[in-house]
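The chains carry the letters A, B, C and D, assigned in the order they are written, with residues numbered from 1 in each.
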Amino acid sequence: MTIRQREIGDVVVLDIDGKIMGGVDSELFQETIQSLIDSGKRKVVVNLENVKWINSTGLGVLIAGYSALQKSGGRLKLLQVSERVEGLLNITKLSTIFESYQGEDEAVESFV
Amino acid sequence: MSDHPGTIEIRLPSQLRFLGVVDALVQSFSAEFGLGADEINNVSTATIEAASNAVEHANKFSENKQVLLRLRGRGNVVEVEIEDEGEGFDPRPYERELGTEDLLKLRGRGIFIMRSFMDNVSFSRLSSGGMRVHLRKVGKTTAGESDTQDAVRGN
Amino acid sequence: MSDHPGTIEIRLPSQLRFLGVVDALVQSFSAEFGLGADEINNVSTATIEAASNAVEHANKFSENKQVLLRLRGRGNVVEVEIEDEGEGFDPRPYERELGTEDLLKLRGRGIFIMRSFMDNVSFSRLSSGGMRVHLRKVGKTTAGESDTQDAVRGN
Amino acid sequence: MTIRQREIGDVVVLDIDGKIMGGVDSELFQETIQSLIDSGKRKVVVNLENVKWINSTGLGVLIAGYSALQKSGGRLKLLQVSERVEGLLNITKLSTIFESYQGEDEAVESFV
């Protein structure tokens, strides 16, 4: 997994590439979210366009980020979830907590 | 997509980095036995969960331990066995639905996902002490059926 | 794409239908060790040639015989061994370029393709009588290097 | 491998799907070509757009078709060869005998 960071106004987009599966990925993602929170960023879009799959530990990584942001009054939303990942979010009912968008503009505007 | 049965065995090091190889392998094997795109994703996701557990909970990332995958196909049925070199465990506590109190937990979804995505999941203890997870999927999608009506087919 | 070495072993039935699985496997394994797209295709094509020979010439499609693939990666080097249960053969007559007189022949390109697409190809006889083909490729493409300059990387 | 057959004027396009690798594929392809020859068709375009890979035995299958058509005064040309297959045609110098096109119109018009 690699994370690339972009800003659109006060919204931060994290472009994830590869698979998300705990271990090193977990630390990396949590550090990224923590440093965003520390620098006052609270609106985060996680772009999953280039994520082939996520395993259950990877879901935990996303949840940890979601909860950390939530606690500091922020939000984590998902962008471009593939059918495969959507299946996983549905079956685990995580689709009820993760807002998810197909278009980037839509995702960014949803914070206003 | 003939009816010949076939079994493939793979031995992997206890490293998460090879889960991508597991995905590619299970995907192409399942496609060979005519499963549809969603079914293929589901078999692969369930296998990745079982293999992750084997690497992490059973083999504890040990260099000296391996994970064995056995893929078996016949007709439109695909079966996967995942064997580890751990100490085994009792899977019964995990044979349950996830409640709303579980929603934001960071772990504990693997076995639930396997059960949700497969037609059949069973656990058994190997004589060596490790676990064998057995996954089974019957293809419902009659993949490419209409597709081949006016096409002739070789291998 | 870390530097940890890793070996995967796969046992396949002697059926051509599983060459697609071999392709998927070798592709994803080679990608894991940072080979570029062309290099990945070449390793996979060479492996398919060796596996085709093992299935056809060595094991003669026998239900009782298997093909063993061993994939080994370290740094940016990928090695593949293909072992069969045949009677072995002398590869020396096939260590040659193809001439214009060979252009329209229907067969006889497999070993030439392996040699063309890999950095190193060698043949040895197993004590069981069968052959082992050893293929080696050093990744030259520094895949994704510029790509990761401003990205941080996990697994 | 599956073969689907289309006609554009007096040119026959064979849309191949899957891998080409000898065995059953070989018989199927040869029978197809032979029946085209028998029914007086001599201009054949083999569309490889949906062919993921070909092995050396599969190359032999194409060569057999090429030679059979050549013998009866016809031609076999290739359409939409992928980079992977092109690599194989180059290394085996078969690119010197197989005419190959990226566009279907171009391939069809090349027979005139």
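Criterion: a residue touches a chain if its C-beta (ideal position, glycine included) is under 8 Å from a C-beta of that chain, and two chains touch if they have at least 3 such contacts.
These numbers come from a predicted model, not from an experiment.
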{"item": "Touching both chain A and chain D (chains)", "value": "B, C"}
{"item": "Whole-Å separation of chain centres (CA-atom averages), chain B against chain D", "value": "38"}
{"item": "Separation of mean Cα positions, chain B and chain A [Å, integer]", "value": "26"}
{"item": "Centroid distance [mean C-alpha coordinates] between chain C and chain B, Å", "value": "25"}
{"item": "Multi-chain contact sites of chain B, meaning residues that touch two or more partners", "value": "16, 20, 23, 155"}
{"item": "Residues within chain D bordering two or more other chains", "value": "19, 21, 23"}
{"item": "Pairwise touch network: line, ring, star, complete, or other", "value": "other"}
{"item": "Chain pairs that touch, as defined at the top of this document", "value": "A-B, A-C, B-C, B-D, C-D"}
{"item": "Chain B contact footprint on chain A (complex, rising order)", "value": "19, 21-23, 52-53, 55-57, 59-60, 63-64, 66-67, 83-84, 87-88, 91-94, 96-97"}
{"item": "Chain B - residues contacting chain C, complex", "value": "2, 4, 6-13, 15-18, 20-21, 23-25, 27-29, 31-32, 155"}
{"item": "Complex contact set, residues of chain B against chain A", "value": "16, 19-20, 23, 38, 41-42, 44-45, 48-49, 52, 56, 98, 100, 103-107, 109-110, 112-113, 116-117"}
{"item": "In the complex with chain A, residue positions of chain C that touch it", "value": "147-148, 150-155"}
{"item": "Interfacial residue positions of chain D with respect to chain B in the complex", "value": "1-4, 17-19, 21, 23-29, 32"}
